[in-house]
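Here the chain labels run A, B, C and D in written order, and each chain numbers its own residues starting at 1.
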Amino acid sequence: MDITKTEKARRKFHEIIYEADTLAGKLFDLLLIFLILVSIAAVMLESVESIQARYGAELEIVEWVITIFFTLEYIGRIIAVKRPWKYICSVQGILDLLATIPAYIDLVFPGLHFLISIRAVRLLRIFRILKMGQFVGASDQLVLALKKSRMKIIVFLFSVIVLCVILGTVMYIIEGAESGFTSIPVAVYWTIVTLTTVGFGDITPQTPFGQFVSMVIMVLGYGIIAVPTGLVTAEFMTKEGGTRNNTQVCPSCSADHHRDDARFCYHCGHSLDKYASDGLAPPSKN
Amino acid sequence: MDITKTEKARRKFHEIIYEADTLAGKLFDLLLIFLILVSIAAVMLESVESIQARYGAELEIVEWVITIFFTLEYIGRIIAVKRPWKYICSVQGILDLLATIPAYIDLVFPGLHFLISIRAVRLLRIFRILKMGQFVGASDQLVLALKKSRMKIIVFLFSVIVLCVILGTVMYIIEGAESGFTSIPVAVYWTIVTLTTVGFGDITPQTPFGQFVSMVIMVLGYGIIAVPTGLVTAEFMTKEGGTRNNTQVCPSCSADHHRDDARFCYHCGHSLDKYASDGLAPPSKN
Amino acid sequence: MDITKTEKARRKFHEIIYEADTLAGKLFDLLLIFLILVSIAAVMLESVESIQARYGAELEIVEWVITIFFTLEYIGRIIAVKRPWKYICSVQGILDLLATIPAYIDLVFPGLHFLISIRAVRLLRIFRILKMGQFVGASDQLVLALKKSRMKIIVFLFSVIVLCVILGTVMYIIEGAESGFTSIPVAVYWTIVTLTTVGFGDITPQTPFGQFVSMVIMVLGYGIIAVPTGLVTAEFMTKEGGTRNNTQVCPSCSADHHRDDARFCYHCGHSLDKYASDGLAPPSKN
Amino acid sequence: MDITKTEKARRKFHEIIYEADTLAGKLFDLLLIFLILVSIAAVMLESVESIQARYGAELEIVEWVITIFFTLEYIGRIIAVKRPWKYICSVQGILDLLATIPAYIDLVFPGLHFLISIRAVRLLRIFRILKMGQFVGASDQLVLALKKSRMKIIVFLFSVIVLCVILGTVMYIIEGAESGFTSIPVAVYWTIVTLTTVGFGDITPQTPFGQFVSMVIMVLGYGIIAVPTGLVTAEFMTKEGGTRNNTQVCPSCSADHHRDDARFCYHCGHSLDKYASDGLAPPSKN
């Protein structure tokens, strides 16, 4: 029947566009990644004046080719998916839409400078790449470790910002406008530049006392970097070091997260040994 | 009775001001945090000359509104609490008092520049926020980890400072005033800027030998940052990884720090199982 | 017989050139390392104009002496080894060849500037030193830890680069050419300089909003450095903390590095349980 | 008897000078630390021209008072100790001698600039402070962790230096003298400044390709800082966590990872004491 045929085509289409298990799907993904990279390279090169002067026309053609491809791809994705609105409203869907529009807007309202940043957003689409086979595990672990230490990182960053505002105010009072600390916001900016050990050197303390406070700020920044590192490391370790617990599930009470060397369920005392004959059973209680 | 009524009102008042479990208490805390942020923003904006010129009057009004609110809040806290002197003398109480006074002092002795820093101290009050529900655990763990590695951090910082003074002196002798190393304190300042990898670039070595020593200092700074990180991470891990030992105490010999999965005391061999009948002594084989 | 004599000499030769167990072998290795260092020092000094002007002739002699030694050594290695082509095509062999040619090329085509970098490649030969006794274990562990966290490091670096391109574009739009952000590539360069906390200060944000975004970038860079550190530390720990592997040796096939909870040899399937009576043998399959 | 009296006095003297258990000993140590700090402060202040001009005479008096005290202390230490030569030849003894001589040398050969660095060496004496009670454990652990990862740190630093020389040469070829990369040593200096994320900004890449290579160097430096951190952290962990478990294996049930001070198996309760009579129960005294 015709509907089945359409359905079959839709499924085939879905496989190519959304999945990366078939050869066609893989090729499509690689083409997509290649075009994303080209579009970003075009945006970057366009901003270099000498290149824009000489290759402006060519870069515009590239932009239009990519825009048309992205537009077709967006339409294709809507057709291929079963619940189109769910896709359209998802983060992925919005990013895909955003990737198509800059050229069209530029056509209607030429010369909008901020469109560049929308075009740069295309780069976010490349994170799809992380969904490809070998990266999945690694990126999942990274995200998980960060998520788990989220609360502590917020508390830490909050404390650092409070510290920077107070130390910045102190530096503003000590140094004053002559040394470049023209206002408290600027002094706070300088404090963050110093505490994070970036140290641009556009503003530097000139008075001996200001230099002394700077030293304190620097040593502080040098020292407390240990805190986020420690946090994330600890989370990674709990993840990695999870040799302690294994994936066994108690056959009696379904408790999980048993120690790797556990022979009895920590919850109900039932034997976890798959090969243990019931005759050689663990002591009834415990 | 009247006293009971007053007492009731006081309790109600206490609940709102000090606690964050009721809706009123939560709203009060949020209002307080909002006003603290506004007051800090006002201090920061006031220091920007162009803003001060245009909105100086408005900012002063904001300052007074906040001062009056903080004053009322301070009085309220004294009334609401059972032992007012304990509150007044606590760090929290002193911070709360300091938060109210800058505007009053400015009224009596106008133009005291350092008052800004007292106004910045208001920001410290915001740490109250960490006492709100979800942050408690995280901030406690952070503080604990830092506290536990306190001694080692002191020894480490002490060694770093001694190192910086000696290396700074060496750089002063090598480079001299022509390169900007005008005195030993300045040279020590430069050494700390370099060792902590901040690197402002306001002073840089010019002689080949000075550059060589700088390289040593930089590699040193790059390497020894591992030490505080290692310290804090180790503490975090002991905290996190503390799955090893639990708080059980042997009922027979009172030894503690048993492994989490210990069933028998590592010291006297007595069963740790609370429910174990004494007749059911540990099985001979395992 | 003559062939045996040659063979003997070849073996002796092999021992000296390739191994470091005999005194002659050790001395040869030390001489080699010394000459590599001298050749690099010569390249470096030659590039200093004042030294080149005064000692140019001497440095050229040094270069030729080293070239001749390296050439003889290369020939020697080909002779001493059993399968010369395998050596010639190995990374080591190519490096050894590259080490000899710069002087010869310079003879034919004088004044090729990039030859210097080939001469610097000689330094890579010094990694042989890591094959000497006491370093083997340490360098193996380092390489292993890096290899194991390879995948996560790639994902991390990929995310950082995407982040830098997007943030760089944002900074380019905010700051523009007046502050030195003349094009997106330059802005991305600046973003990497800032995020990695290097902070040259050749380009710095001038607008308040640009400084605000800079602060975000800096705090971000200060924070996410925790991720690679956490990754590598976790790998080191898994290695060091060897909770995975224990020191058991299979009684049947002597395989070691068994998992801590292994009950059967991963290599031959023999039971690892020392106390298992053979009657209580493991179940037939595993 | 007279000899006994002298001996008694010597012991008393020894107690005061070398130990910190008695009140007199503690006071002496505090005085010493105070004088060391004063002498360092004097050296630092002397180097500041304006202070030297106004307080030069006073600072010289301070220097002489300290020199005389240190001289007396040095003589005292020789008298108080049993084997004077052992003390004189020890690192501590040499430092103590060095601390006394600058003023004397200055008397004979006035104006030797490098004497300042000898005076700065006095600061090393302050490490005595670490031998005071509460610091001993902490500093021992730090030193131990660094010592244990010594080999890996050497391999790591060696690789970093080789990397810096090669990358520096590459940058020298790319950028050349116009951008400040006047010679290979200077380029290597710049590479170390960049790789360690110090980033002075006195020399910066100007060509697009140079900036690209710089980005690679920066990301590399940002990434590989994880290695020393991971190394030291792993050692700290092995230290911290490693005291917990030992390599004992229960003779009854073969459970391992027993606490270091465990006397009974945590799993089956069997005695872990090798010398325990098989008749069960540990010997009364351990």
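Here, contacts are C-beta pairs under 8 Å (C-beta built on N, C-alpha and C of every residue); 3 or more make two chains touch, one makes a residue touch a chain.
If you're wondering where the values come from, they're calculated on a predicted model, not measured in any experiment.
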{"item": "Contact-richer chain pair (by C-beta pairs counted) among C-D and A-D", "value": "C-D"}
{"item": "Same vs different contact residues, subunit B with subunit D, by half of numbers used", "value": "different"}
{"item": "Over-half contact-pair match to A-B, picked out of the listed pairs B-C, A-D or A-C", "value": "A-C"}
{"item": "Chain centre separation (subunit A, subunit D; CA means) in Å", "value": "40"}
{"item": "Mean-CA-position distance for subunit D and subunit C (Å)", "value": "29"}
{"item": "Where subunit C touches two or more other chains at once, by residue number", "value": "185, 188, 197-201, 221, 225, 229-231, 233, 235, 237, 241, 243, 260"}
{"item": "Touch list for subunit C against partner subunit A, complex", "value": "151-152, 154-156, 158-159, 162, 165-166, 169-170, 172-173, 182-185, 188, 194, 197-201, 204, 208, 211-212, 214-215, 218-219, 221-223, 225-227, 229-231, 233-235, 237-238, 241, 243-244, 260-261, 282-283"}
{"item": "Subunit A-facing residues of subunit D, complex", "value": "197-201, 229, 233, 255"}
{"item": "Complex contact set, residues of subunit A against subunit C", "value": "40, 43-45, 47-49, 113-114, 116-117, 120-121, 123-124, 126-127, 129-130, 134-135, 137-139, 141-142, 145-146, 153, 157, 160-161, 185-186, 188-189, 192-193, 195-202, 221, 225, 228-233, 235-237, 239-241, 243-244, 260-261, 275"}
